[in-house]
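Both complexes shown next keep subunit A, but they swap its partner, so subunit B is in the first and subunit C is in the second.
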Partner chain A sequence: MKKRSFSDWSLDIFVYLILSVAGLITLLPLANVFSKSVSAEWAVISGKVNIWPVGFQLDTLRNVVTSSVFVQAFAVSVFVTVVGTLLSIFVTAITAYPLSKRLPGISFVMVLFIFTMLFNGGLIPTYLLIRNLHLLDTLWSLILPAVVNVFNLLVMKSYYETLPEALEESARIDGAKTYAILFKIILPLSMPVIATISLFYAVFFWNDYFHPMLYINDEALKTLQLYLRDVVMQADSATAASKSIDELMNMSPEGVRAATVVASTVPIICVYPFLQKYFIKGVLVGSVKG
Partner chain B sequence: MKTKKWFILPVIAGLLLTSTACGSDRSNDAASTASSEASAASPASKPELRALVKWIPEGYEDHPIAQMLEEKTGYKVKYDMLPVDKPEDKLNLLIASSEPYDTMTIGGSNKALYADYAQKGALVDLTPLIDKYGPNIKASVSQESLDAVKVNGKIYAIPTRSIEYAGTSLMIRKDWLDKLHLQVPTTLDELTTVLKEFKDKDPGGNGDKNIPITIKGDAPMVDNIVGAFGVSNAWNDVDGKLVPRVMDPAYKDYLSYMNDLYKEGLLDPEFAVNKDATVKEKFTNGMAGVIPLHWADIPTIADALKKNIPDAEYVYVPALKGKNGKAGLAVVSGFDSLTFVPKASKHPEDAIKWINAKLEPETFKDMSIGVEGVHYNVKDGVYTPILPKFDDERGTASNFHSGIDEKNYPVYWQVRVHKDQRLYEGWEYLNKEQPAEVYFSNPLGIAPYFPNFSKNSAKLGQMENDYSVKVIVGQESLSGLDSFVAKYKAAGADASYKEINDWYATKKK
Partner chain C sequence: MNSAATRLKRRSSHPGLERQRFAKWKLARRNIDYYVLLIPGLLLLLLFKYTPMYGLVIAFQEYNIFDGVSGSPWVGLDQFRKLTQTDEIVNVLTNTMLISCYKIVLLFPIPIIIALILNEVRLSAFKRTIQTIIYLPHFLSWVIISGLFITILSPSGGLVNTVLQWLGMEPISFFMDNRFFRSVIVFTAGWKEVGWNAIVFIAALAGIEQEQYEAASMDGAGRIKKMFYISLPGMMPTIIMMFILRLGSVLDAGTEQILTMYNPVVYQTGDVLGTYVYRVGLGQMDYSFSTAVGFLNSLVGFILVVGGNFVSKKLVHRGIW
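Let's look at the complex of A and B:
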C-alpha cells in the first residue's frame, strides 16, 4: 500500500471539515425544531431550547399526531404519494422504453416531451383545464398532471440506452416477446434507476404544496403540507395586525407548530436511508452515455 | 408487425386512466343533479349550502357548532376553508372561476378586495335580500356597520364587527420596582426615571445583558408611549382633521424621545432586529424590565417567566401622561370579517335566510358561547366558561359568525377573557380601570373603503417603520424629517389624506 503524503492528509482533513460544517448547517435547524417539539412550552417561549430539549415531554407530539385533522391529512398524503409514485414510475418506465429505441418518428415524439419541459400553458389555463376535466377536488388532480416528469423520463431513457443491445437480441432469439423483454429483462436490470426516480417522485408528491393549494377545497382531501402550512402560518407574527382578538387568543404555541413540522417531515426522511444506496448509484447512471 | 405490439399496452392504460377519472366525476355530477332535482321537486326543502370560511385548526366537518347550526337552521352546509397563507390568491381563483359558493367569509382587513369584487360585479347585491329575508340581520347589525360596507350605495356583505378593546401596553417587572423602592410610573418622565434606575442599579442582576426596555424592530411606534404624544393610532384627529402619524407635529417629539432612550442605553441596542419571539425571550429570561405586550399573550409569558424566575412579578403600566397631559391607549375597532354572496351562488336567497337564522338570538348565543351550565355559567351578568368543554366546543366560535348581535355579543364575548385569571386581570386593567378619556378608538376602523388609502397604506406603513427605526438608532437625523415627510406625502399620503378627510368631514356633521 502506498504511503500517504502529508498533502493527502491535509486535503482529507480539509474536505472532512468542509463537509462537517455543511452537514451541521443543515442538521442544526432540524435538531432545533425537533427539540422544540419535545420541550416544555415555557422553555420554548423563553428561548432556552437550542439543540437539546429542555423540560422533555411527548404530550405535544402525541396531541398533534392523534388529532383527527392531522391523521386525515396524513392518510391523504400517504395515498397520493404511494399511488402517485407507483403510477408515475410505471408510466415513466414504459414511456422511456420506446423512446430509447431507434423507431421511425420517435425523435419527433421526444421533441414533444421536451417541449413541455420548456413551455407550459401557465397557471390559469392549467387551472381551467383541471376544472374542465372535472378533476377539481379529486386526488387525481394531484397525481395525473404530475404523472410524467420529463427530466425523470430522460434519465430513464438514458439508462435504457446503456443496456447492451445484445441482451435483447439473445432474449428475442430465445423466443421472448416485447413485453417479456421489457418486464422480465429490462426492468429488473433497471432497479437502480427505478429506485432513484421513485424517490424523486415520492418526495415530489409528499412535499407538493402548490397543486393541492390550487385544486383542493374539500377539507377531507387536504394534504399534510396544506395543513402544515396553515398551522405554521396562523401563528406568524407578521400577520398579527390583521388578526381578530379571538384568533390572537387561539394562536397555537410554537411547540405545537414544531411538533407538526416534525410529524410531517419524519416519514419522508425515513425513506431516504433505505433508498440511499440506490440513490447514489442512480444519479450517475446513464450519465456517461448521453 | 410484432415489433409494434408493445405500443398497445400504454395506450390502453392511458385510456383506462382517463375513463376512470371521468367515471368518478360523472358520479359526482349525477349526485349534484340528483340533489338539485330533489330540491326542485319539493320547494319547501332547503338546499345544501356551500360556505367558504376562514381556517380553524380542528376543521369544520363534524364540528359541534356546525352540527348545532344544522339542527337549528335546517340548512346543511358544506364548509371549505381558505388557506391561512395568502387567502386572497385562492379567493381570486375561486371568484374568477365562478365556483358556486353560497357565502364567502374573509378577514375584515381585506376590505379592498371585497370592494374590488363588488365593483366588478362579482357579488350579489344583498340590500333587497336583507329587507326581504333578514329581520334578524337588521336587528343585530347596526346601520353604522352596514353603511361602512356599502359600495356605490349598495350592501354586498354582512359585516362582523370586532370587539373593541385596548390590546397592547407596557408590561413592567414589579419586583424590580419593589427592589428599588420605586412606584409604577404614571407619566412619561417617571418612566424615563424608572428606566434609568433599571440601567444603573441592575435589579435583575443581569450585568452586561441588562435591558431596561426592549421593543420589536417592526413596531417602533410603541403602544402607550405614543399615546403620551397624542398619536395613539395610525391616524389621529388633530383639530378636526385626521392626520397620519408621520404628518403629525408630535411625530418629531416622539422620535426624539425614543432616540434619547436609545442614546442613553435604556432602549435595547439590538431592538431593530428583534422579532416578536425575541422580545418575549428577553422578558421571560429576566433580562428586560419593560416590554410592550398584548394581554392575550399574558398566560404564556407568565408561565415562562415564573419557571425561569420564580419570584418575578409583572404589572401593566397605566396610560402614561406626556408633557402636556396627553395619554392614550389605542382601541381596536373595525370588522373581524365580511361575509358576501358571490354571483356564482346557486342559492343567494337561502344564503341570506341561513345568515338570518344564525342571528336568531338564541341560536346566536348558542353558536357564540354555548349552553348555560354546559359551556358557561352566568352570575350577576358575568359569564364564566366551563373548561375544557368551552374550549373544545366553542373555542373557535367566532369563525362561524356572519354578522353579530352588536348589542349583546360584547358581553357574551367576555366569557373568553375569564378563561384564565391572569388574562382576565390584564384585560380588565387595560379596558376597565383606565380613565375613559385615554381610550382612542381607531378612527378608520369602520370607515368605508378608500381606494388610495388601501392601495398605499402597506407601503406607507413600511416607510414610516423604516424611517422611525433609522432615526431612533441615530442613523438619520431629525433635521431631515421635512424631506422625509415630503417623500411620504408624494408616495400616496396626500391622496389618502384628502380622501379620508372628505369622508371625515361628512361623518362629523
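Let's look at the complex of A and C:
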C-alpha cells in the first residue's frame, strides 16, 4: 500500500478540525444554557458560568417545571400535539390515497393542493377567517388550519405509488371494497412513511409559537412555546417582572430563563434519535418525488 | 335551424370524443369511493387556504371589522398608493433584502462545504456523531433558539461578552444594538439550519458513481483534485436547483425568527416585510393596508418561485414539480 502523502495528512487534519469546530459551535449554546439552569444564582448573576455548572443546584429547574403556569402550558402543548398529529395523519393518509390513483379529475385536485404551496392569502385574511369562525382563543385554531400539509401529502402520495398494484387487484378479486383495501392492506404496509409524517406533524405542532401568538390570548390556553416566548422576551427587558418570575421569587431572571429553555428543550432531545432517522428519510423521499 | 344542423354534424363527426367523455364519467362513478375519501381534506383546504385568498379583496377596501367584507367601502388601489407614500416601507424593504442577501451569500455555500468535508471523513463513528450534533438545532423552535442566544449573548454575564471583556473590550448588547442585530439574525439562522441543509447535498454525493473516483485515482488525482473535479460537478444540478429555489423565497427574510428576537430598539435594522405586516395588521389593526402589503409580498413570491422552477427545469432539467 502506498504511503500516505503529506497533503493527504494535512487534508485529514483540516477536515477533522473544521468538523470538530462546527460540532462545538453547535453544542456551546446548549451547554451554556444547561449550565446556567443548574448553577447557583450568585454564579449566574456574576457571569461565572460558562460551560460547566458552578455551585450545582436543581432548585431553579424544579421550581420551573413544577410551577402551575409551566405545567398548564406543557399540558396544552401535549394536547395540541397529540390531537393535531392524530387528526393530521388520518386526513393526510386518506386524502393521499385517491391522489395516487389515475382517475378523472384527480390531476385538477392535485393542482388545487399544490397551488396553496405557492400562493396564500396571507396573515390578515387568515386571521380574520379564524376570527369569523369564532375559533380565536380555542385550540382548534392551532389544529384545524394545519391538518393538511401539502408537502406531507406529496410524500405520502409518492409512497403509495411505490406499492405494487397487484396487491390491490388480488384483494379486489377476493371481493374487498376500497375502504377495506385502504385500511386493512395499504395503511399497515405504509407504517414507515406514516411514522415519518407523524413526526413531521408532531414537531410542527410542538414547536409552533407563531399561530398561538396570533390566535391565543387566554392565559389558560397558552402553549409551552408561547409561555417560553413570554419568559424569554420579558427577561430580555430587565425592567419587566413577569408573572412567572414573581411566582419564583428569589431567583435571577437569567437562571429562570435558562431553566425554562432547558425544560422545553428536553422533550425534543428525548425523541431526537427517532426524529433524525425518520426526518432524513422523509426529506429524501420529498426531494426525489419529481 | 342551420346552427342546430351544424351542431348535430359536429357531434357526429367526433363520436370518439363523446364516447371518451362518457367512459370517463363511468370510470369516475364506478370509483366513487375514492372521491369520497377526498372530502375532508378538500373541505379543510377550501376553508383554510382558499377562503383567505378570497379575503385578499380587503386590500382594495377600507375594511373595518364591524361592517365585514360586504359592508366596507371599496377604495380601489388607495392602499397600494398609500404604500408608496409610507416612509417606513423603504426601510422595511431595505432590511428584507439585506438580511435575505446576507443569508443567501453567507449561508448557502456552507451546507455544500459541510457535505464535501463530511465526504472526506473515513471514521464512520466520527462522521455519524458530527451529523447527529449538527442536525439537532433544526428541531428546536425559534423561541428556544432565541432563548439560547439571548442567554449566550447577554451583556450581563453572557458567555460571549465574558470573552470580550477578558480581551479588554466593552460588553455589547447584541439584541439591542442596530450595528449587530442583522449579524445576530444571520448567525442564528445559520446555527439552526446549515447542518440540516447539508442532507440534500450529502445525498447528492452518495449518488455519484464510485467508478469515477476510482478512475481518477488511477490517473493519479489526489483527494482535493477529486473533490473539485468529481464531487463538486456531481453535485452541481442539486446545487443549482437548491439555489434557484432559495432565490424564490428571497422576500422571506425570516419572519418567525425575527419576531422572537427583535424589539423596538432594533426596528430600524430588523423590521422586515413579514414583521411589518404583523405589526401594522394586528398591532395597529390597519387590516386593509397590511393585507395590501402581504398581497404584494405573496404575489412577488409566487412569481419568483414559478419563474425559478422554470429556469431550474431549463438549466438542469430538474424542478420541484
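Here is the rule we use: the second predicted complex is superposed on the first by the 234 of 290 C-alpha atoms of A that agree within 3 Å, B and C clash if a C-alpha of one lies under 4 Å from a C-alpha of the other, contacts with A are read in each partner's own complex, and residues count from 1 in each chain.
The rule is short, and it goes like this: a contact is a pair of C-beta atoms (placed from the backbone, for glycine too) under 8 Å apart; a residue touches a chain by one contact, two chains touch by 3 or more.
Because the structure is predicted, anything quoted here is derived from the model rather than measured.
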Handout entry: Which of subunit B and subunit C A:I94 touches, first, second, both or neither
Key = both
Problem - Touching partner for A:D218 - first (subunit B), second (subunit C), both, neither - result: first
Handout entry: Which of subunit B and subunit C A:K177 touches, first, second, both or neither
Key = both
Handout entry: Which superposed partner A:E41 touches (first subunit B, second subunit C, both, neither)
Key = first
Handout entry: More subunit A residues in contact [subunit B versus subunit C]
Key = C
Practice task
Report for A:L144: first if it touches subunit B alone, second if subunit C alone, otherwise both or neither.
Solution key: both
Problem - On subunit A, the residue positions that both subunit B and subunit C contact, one per complex - result: 45-48, 91, 94-95, 97-98, 124, 127-128, 131, 144, 177-179, 182, 213-214, 229, 231, 233, 237, 254
Handout entry: Residues of subunit A touching subunit B in the complex
Key = 40-43, 45-48, 67-69, 90-91, 94-95, 97-98, 124, 127-128, 131, 133-135, 138, 140, 144, 177-179, 182, 213-214, 217-220, 226, 229-231, 233-234, 237-238, 240-254
Handout entry: subunit A residues touching subunit C - in the complex, by the definition given at the top
Key = 5, 7-8, 11-12, 15-16, 18-20, 22-23, 25-30, 32-33, 36, 44-51, 91-92, 94-95, 97-99, 101, 103-105, 109, 112-114, 116, 118-129, 131-132, 144-145, 147-148, 153, 177-179, 182, 203, 206-210, 213-214, 225, 228-229, 231-233, 235-237, 254, 257-258, 260-261, 264-265, 268-269, 272, 275-276, 279-280, 283-284, 287, 290
Fill in the blank from the handout: As the complex stands, subunit C meets subunit A at residues 24-25, 27-28, 31, 33-35, 37-38, 40-42, 44-45, 47-56, 58, 65, 68, 114, 117-118, 120-121, 126, 129-130, 132-144, 146-152, 154, 156-159, 161-162, 175, 191, 195, 199-200, 203, 222-224, 256, 259-260, 263, 274, 277-278, 281-282, 287, 290-291, 294-295, 297-299, 301-302, 305-306, 318, 321
Practice task
Quick one: which bits of subunit B touch subunit A in the complex? Just the residue numbers, please.
Solution key: 2-3, 5-7, 9-10, 13, 17, 21-22, 24-25, 28-29, 52, 55, 57-61, 79-81, 83-85, 90, 93-94, 96-97, 99, 107-109, 162-163, 165, 167, 218, 275-278, 280-281, 284-285, 294, 296, 300-301, 303-308, 332, 336-337, 395-399, 416, 423
